[in-house]
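Here subunit A shows up in two complexes: once beside subunit B, once beside subunit C.
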Partner chain A sequence: MLALDIKHLNKKYEHFELNNVSFQLEQGYIMGFIGANGAGKTTTIKAILDLIRADSGEIRILGKNMSENEIELKQVIGSAFGDMNFYTRNKIKTLTNVIKRFYANWDDETYYKYLRKFNLIEDKKIAELSTGMKVKYSLAIALSHGAKLLILDEPTSGLDPIARDNLLDIFRELVQDGEISILFSTHITSDLEKCADYITYIHNGQIINSGEKEQFIDTYRLLNGKKDQLDIVKNQLISYKTSSFGFTGLIHTKDLDPSLDIQWTIPNIEEIMIYCSRKEDLYV
Partner chain B sequence: MYNLLIKELKLGVNPFFYALPFLTGALMLIPGWLYFLVILYFCFITIPNMFAGYKTQNDLIFSSMMPVTKKDIVKAKIGVIVILELLHIVIAMLYGILTLKLYPHMKYFFFAPTLGFWGLCFVMLAIFNIIFISIYYKTAYKYGAAAFVSITATMLFAGGAEWLSIQNSYFYDLFKGSGTDNVAVHLSILIAGIVIFAIFTMIAYYIANKRFEKVEI
Partner chain C sequence: MDIAISNTSDKPIYQQLFEQISVQILKGELENGYSLPPIRHAAIELRVSIITVKKAWEELERHGLIYTVTGKGCFVANLTSKEILQKRNEMLLKQMVIDISYYKSFGLTLDEVYELLKEIY
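Here is the complex of A and B:
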């Protein structure tokens, strides 16, 4: 079953638009949602959570239409915004006591289990928690009300490498049983290499590519050629950089002619992101 | 809706604002004072502070992430405003009774704390609600303009009512002359005030709801 199915999502603002955004996430997997700052990650996430109304398109969560079943589906969605805090001067205890009332399937036992696991102290105020702890608190809340889909906006931004690695391990653990699915946006590509099953890449409000991680990477090749070879492949390249030694450019694997004598490597996600975003600059 | 109301009362409203009516209400003990001010302090102090809190604590996103309808978010917010307004009026009324007992032969220049006066206070809050709530829900977070316009309107109403009761012989007689003891008339004004308060607040809810539907969070 699809945990998340987004079809032809459009939303126009004065200076920015989401253009025909479509992607799917299978239940029980982790999808990394990557893109530069301002690419449309948060806007897409807000549209999924019905915080903004899309101009057109359809969002289905666990097989049900989000706009028609918003209240029911929000019972099984856990969400967190990495850079946003609520009622920070209140204690965890106070906030939880208010939040738990909203959820029909709230389970205190699970909640306390996760508090212990994440070393969260109920008497601490939200403001006293580190960034990583805040994300863990959001996870504890989501898991205690039986969330099946976690939608996390930049949960790893602002975390030190150890806390980030720790959080990614938790993500992997959560999806192990195949019931929980996670969509998390990030611009830190190493997060994805560590823990994502699927990758969706958004740039300027458009989905550039979405698919299983290995497949996603395999779509591209990074060419390292001499200057005189550039003209041969220039038109097929997504974008390229030149140096005194030659050029480096990204190409779709299908456009790569194996008979050409140009060195190539498999790019990493960061390189894919950088070269895909340069494409736009070239045509300006 | 009930859960949201609990959220408002536990998180949204600082406990100080539950205590404030006892402080502002005590101003009723000042003999012959301009008693409209006692209720106006709710509009001057509680509302801007409370809504500043909502803004800084990202209450709008917090509420919207919960499994609730937009309608219920508006309903709960208006609910908490009404609860606090009633708290202010009822406590001021109790102090008002004490004032009447303390100074039985007081000659009032401004309104005396009669039942009719409380009816006028309800009308004043009705005006405040319809303006404040409907302007606020254009954005659901900007409260400055909404507070400014609504407070101006309530002050104009209070000023106008005071002026009328001084200048107009009928109103003077009703509120400060022989009409003061006419419980039936004063009770009718109070009931009419409560009805206007209820109707205006419901209209405010209706407008707020329509506007909030279009608000993007």
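Here is the complex of A and C:
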């Protein structure tokens, strides 16, 4: 079953638009949602959660239409936005008492289990929590109401490498029995290499590519060629950089002519992002 | 089963998994009938994504090195010594193709390569 199915999502603002955004996430897997700052990650996430109203498009969560079943579906969605900046002077205990009332399936036992697991102290004030602790607190809340789909906006940004590694371990554990699915946005691509099953890449409000991580990467090749070879492949390249030693350029694997004697490597996610975003700069 | 994953290697992680496990099967270190850990469990242990492990297991199955019993898991296949030899040679030849093309780029003849090999072997 699809945990998340987004079809033809559009939202127009004066200076930015989400343009025909579509992608799917299979239940029980982790998807990394990547893109530069301002590419539309948060806008998409807000549209999924109906925090902003899309102009058109359909969002289905666990097989059900979001706009028709919003109240029911929100019981099974856990979401976290980078920072938690409301009721910061209150203790965790107080805030939880407010939040839990909204959820029919709230389970105190699970909640305390996760508080212990994440080393969260109930009497601490939100303002006193570190960034990592805030993310963990959001997760504890989400998991205690039996969320099946976690939608997390940049949960790892602002975390140190140790806390990040720790969080990625938790993600992997959560999806282990195949019930819970996670969509998380990030621009830290190393998070994805070790944790994500699927990758969706958004740029300027459009989905450039979405698929299984290895397939995603396999769509591209990074060419390292001599200067005189550049003219042969120039038109096929997504974008390229030149130096006095030659050129480096990104190409779609299907456009690569294997009979050409040009060295290539398999790019990493960061290189794919950099070259895909350069494409536009070339025409400016 | 011993696995060491390198994140700095050029090889995709599923490829590393596939290669390391096939070597252990072909060397006889993993015996016929050995039960591979469940995919989701292995992903946690190896700290990689689920699909990465799935792809590695699929690749092993495609090469006839393991088989799946629905509901039970994946097991090392029962290979005859002839099959093992054949698969081992396939694997070695694949590596040799890469190595040889490197030597060829220097214009070495087969005899020259052979002489050099003898020196270090």
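Details
What we mean here is this: the second predicted complex is superposed on the first by the 282 of 284 C-alpha atoms of A that agree within 3 Å, B and C clash if a C-alpha of one lies under 4 Å from a C-alpha of the other, contacts with A are read in each partner's own complex, and residues count from 1 in each chain.
Assume a residue touches a chain if its C-beta (ideal position, glycine included) is under 8 Å from a C-beta of that chain, and two chains touch if they have at least 3 such contacts.
Keep in mind that what you see is a predicted model, and the values were worked out from it rather than measured.
In the superposition on chain A, A:Ile99 contacts subunit B only, with no contact to subunit C.
In the superposition on chain A, no contact is made by A:Cys276 with either subunit B or subunit C. In the superposed model, A:Ile199 lies in contact with neither subunit B nor subunit C. Once chain A of one complex is fitted onto chain A of the other, the partner contacts of A:Ala142 are absent, as it touches neither subunit B nor subunit C.
In the superposed pair of complexes, A:Tyr87 makes contact with subunit B only, with no contact to subunit C. For the contact definition in use here, the subunit B contact set and the subunit C contact set of subunit A share no residue.
For subunit C in complex with subunit A, the residues that touch the partner chain are 7, 10, 12-14, 40-41, 43-44, 47-52, 55.
Interface residues of subunit A facing subunit C in the complex, by the touch rule stated above, are 28-30, 168-169, 172-173, 175-178, 193-198, 212-214, 217, 265-266. Residues 3, 6-7, 10-11, 57-59, 61-62, 64-69, 216-217 of subunit B are the ones touching subunit A in the complex. Looking at the complex, you find that subunit A touches subunit B at residues 46, 49, 51-53, 70-72, 74-75, 79, 81, 84-88, 90, 94-95, 97-99, 101-103.
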